[in-house]
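The data blocks that follow each hold one structure.
One chain, chain A, links the two complexes that follow: it is found with chain B in the first and with chain C in the second.
Entry: the complex of A and B
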């Protein structure tokens, strides 16, 4: 079929940040299919130079209002490794509680408010309020509880205050944790089970598309890895997080102010679907049942199902949060001063699974405890090349469809990755001028 | 009664709401009033609103007035028309959040929005002089609203 196609979606909506979808086809030959990232770079790495180890996490949490907790935890881990600061088991458990709450919050927000309108053929969440007010109210309730969990443990869900290098400046009381546990069990779990039913009713609208790629996530021996783990590729297996540079290989492309990444292929995918593909065996039984209900299978190669993987993961996060609270309460909460006496000044890497994929921070400190060099590699940046490759496969497959349908599939594809463009730099506008020739 | 600040404190005068909350805390007035900063999380704002509880929302508002100008709005159906707002994440701005709250039946019967015309919205740098100077006026308006209520 000979066809000319020009799609230019300028500043795509329902994603965090500014990006444009640009697709050109001439005489049936695809010339361009890419996500242009048009935001200004933000130079956080340069901002960090000369800053004290006390400040690094405070500054980097400002990279994003959505992923502030993930940046903060990753930054603390990099600093602690660089300075030889050991943290207690209680600190690790509290941080894991934070990470699970933040992932739950972000996944719910994306599935309900950003992705679900597409499944219902709507432009935003507003028509849902009229047709399904109880669903929107449930989504807000889930998001609120996840936020409250962040407030309780970190002092503030956005740009947390209490997590510092070496520990916490304040920890919640046993009564506060017990109260959070009750809300998770009595409110979040039923809401999650209802979410599965809602998503099941919408899943038929998810495009049937497949493109095998390399899936990269953290993997841990004893748990579904979010806080820590080795870097695991579906192509080549696991390596320690200190090998992160060769597992990202950042490079510059002309159409994006955010760098692209590749490892064993022209692109790879990070995020909930990559975590599912690598670590589904570590999910709790409730999450696995949800996956079965929603038709999510191991070895999934449909990027649109990233949203479904997020939903499954949200259930795991809720139940794992309960288990973490049980451990904290069972061990007994201890008042601990943060360990802030460096035993060395060197280089440290922090790698954390944040909602959109692996986040890396690496810092090198001088002997005064100030940052000499910093490097941050953000999940959305790692996914950009994979999104472009998906679009290049998708467009020829759907070229016979009306232009509006093609545009919607492209928008849904980008949204499925839940991109956070402000983090990677910002995302999307699509414009469409298709003509049969 | 809740006083809710919306906006990004790292974008110049968009931090006016947070500055107003700080001023209320410093003067230690309005005991018993919940002071909440939702920053750029418009959905958190929706969840915080309850029909029976009066609320005051403070945000930067482009009104075409001189920087630091203060407007007291009592949103009704008409003034809740949807419009774009790039100050908030995911494209959900204050008007959209209030519209969502209304459709969910969460909009307080007594809701006041205090808008302050921003002078600058660039990253960093804090409040402009004009907006900083308007903060005490906003605090006085809030104190009067709280007083009138109870």
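Entry: the complex of A and C
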């Protein structure tokens, strides 16, 4: 079909950060279909270079307000490996509790506030306050509880305070954790079940689209991997996290202040859908039931269903948080001080599943415990090439539709990835060339 | 036609954590929405508006495009509020200003550095008139609601100007220095209710400096507690590189 098409969505709404969708078709030939990243670069290397190990996580959490907890935990893991700081089992459990809470919060925010308005043909969540008050109130209640869990364990849900290298500056009390557990069981679980019903009623608006894709996420032997694991590709299997550079291969493109990534194909996808495809066998029964209800199947290659995978995951996170609290209370909480006596000064890698996908931090420290070299690879940066590839397949398939409908499908596609553009730009290639360690 | 104030929310160079904190007003969001019309907020909604009674602006200015946009927003706003430390002082972004900009660009983008224009990270007030500040990294919801309520009621919000130490003492915390740590509480502007020292962390200075900080004495205290002069200066610069420019050495 011969057709001209010019789509230019400047500063796409309902995503974190600044991106433009640009699609040009001339006489039926697709000349361009890409997400241009126009976020102002922040040059985090200038902030990290020469900084004390006490400050690394404080600084990197400021890469992104939405993913601050994920950056902080990943940063702490990299620092601890580089400095040979052992952490206790209690510290690991408290961090896992934080990650499950943050993933729950972020997934709920995206599904209800950023994605759902599209399914209802609205421009934002605000009109839904009048038309669907019970749904909005439920979403706010779920977010509140997830954020309360972050406030309790980390001092503050956005830019957490208490997680530091080697442990925590404050341990929550048993009574605080028990009360959080009660709220998770009595409030979050029923709200999650109601969420499945809501999403089921909206799922008809999700476009039917599919493209064979390489999916990459962490994978662990004994649990649904969020805190740590091996890097697992649906194409080539698992490798240790220290091989992350081989599993990302960053490169610069002119249309994006964030670098792009590829491994075995021209692009790959990270995030909830990648975790689902790699690790659905590790989800709790409630989450698996939710997936069945919502029609999410293993080996799914429809990127629009990333939002559904996030919803499924939210249920798993809620129930896993309860299980973690039970372990903490069963073992008895210990008043531990953080272990901050370095046993070496070297290089360390941290890899964590944050809501939008796999996040890597790598630091090299000098003998004064100051950062000599740092590299951070952000989930959204890894997804950008995949978004471009999806758009290139999608546009010819929907070209017969009116331009407005095509634009909406493209916007929904980008939003389905839940992109965090600030993140992807804020820490590009943070390598200090020619720096002695 | 609604007589409620028309509110626009905008973001520049920053992490959008302050904006996110507004979506995190789970308890107050519906009340806030009942008192204003949010007419533009890219992170949460589609649509644009021609004028605003109140513009809340997050983030530092760090590209030529930022400068154009902030002038445009200022022209169309009756009241402009800087939200969060990046907007108020340039925040953590301004640390890059302490190093030669060409070196910084080359380290990040290598030979592709000219693809992406950049400026020193600046506070909003260095380019346009700012009517009110809400400080903090991130801003606290309590302060935002205070400023918001005052503006909706037609009152002047009051910006705190005592040191974090004052609020820390009121909470009866053990002094952070007594625990063998360092702390920037003595020169940092209060309003956070000494949030960090109250959960075992030191004050990192995220709210900017009090209006007459004794920077030399602060440096002396940090050095007396084991930091080198360079390290003491780096710690103070973390959120305050712009404010410290020309202050001290």
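Rule of thumb we're sticking to: the second predicted complex is superposed on the first by the 424 of 437 C-alpha atoms of A that agree within 3 Å, B and C clash if a C-alpha of one lies under 4 Å from a C-alpha of the other, contacts with A are read in each partner's own complex, and residues count from 1 in each chain.
Assume a contact is a pair of C-beta atoms (placed from the backbone, for glycine too) under 8 Å apart; a residue touches a chain by one contact, two chains touch by 3 or more.
On a predicted model such as this, the values are computed, not experimentally measured, just so you know.
> For the three-chain model obtained by superposing on chain A, do chain B and chain C clash or fit?
Chain B/chain C on chain A - steric clash.
> Can A:109 be said to touch chain B (first), chain C (second), both, or neither?
Both partners.
> Contact-wise, after the overlay, does A:23 reach chain B, chain C, both or neither (first, second, both, neither)?
The answer is neither, since A:23 touches no partner chain.
> Is A:52 touching the first partner chain B, the second partner chain C, both, or neither of them?
Second partner only, chain C.
> I'd like to know which partner A:125 touches here: chain B for first, chain C for second, both or neither.
both
> Could you say whether A:161 touches chain B, chain C, both of them, or neither, answering first, second, both or neither?
The answer is second: A:161 touches chain C but not chain B.
> A:13 in the overlay: touching chain B, chain C, both, or neither? Say first, second, both or neither.
Touch partners of A:13: chain B and chain C.
> Taking the superposition as given, does A:140 touch the first partner, chain B, the second, chain C, both, or neither?
Touch status of A:140: both partners.
> Mind telling me which of the two, chain B or chain C, contacts the most residues of chain A?
Result: the larger residue contact count on chain A belongs to C.
> Once the shared chain is lined up, is A:62 touching chain B (first), chain C (second), both, or neither of them?
both
> Which chain A residues contact chain B in one complex and chain C in the other?
Shared contact residues on chain A: 13-16, 62, 65-66, 109, 113-114, 125-126, 129, 136-137, 140-141, 143-144, 147, 158-159, 422.
> In the complex, go through chain A and note every residue touching chain C.
Going through chain A, the ones touching chain C are 11, 13-17, 38, 40-43, 45-47, 49-52, 55, 58-59, 62-66, 68, 109, 113-114, 117, 123-126, 129, 136-137, 140-141, 143-144, 147, 155-159, 161-162, 164, 168-170, 252, 254, 257, 422, 426, 428-433.
> Hey, which residues of chain B end up touching chain A in the complex?
That would be residues 8, 10, 39-41, 43-44, 46-47, 82, 89-92, 96, 99-100, 103-105 of chain B.
> For the complex, which residues does chain C have touching chain A?
Those in contact with chain A are residues 12-21, 23-24, 26-27, 29-30, 33, 38, 41-47, 62-63, 65-66, 91-93, 95-96, 98-99, 104-105, 107-110, 112, 115-116, 118, 121, 137-138, 195-196, 199-201, 204, 231, 234-235, 238.
> List the residues on chain A that touch chain B in their complex, please.
So the residues of chain A in touch with chain B come to 13-16, 62, 65-66, 109, 113-114, 125-126, 129-130, 133, 136-137, 140-141, 143-144, 147, 158-159, 422.
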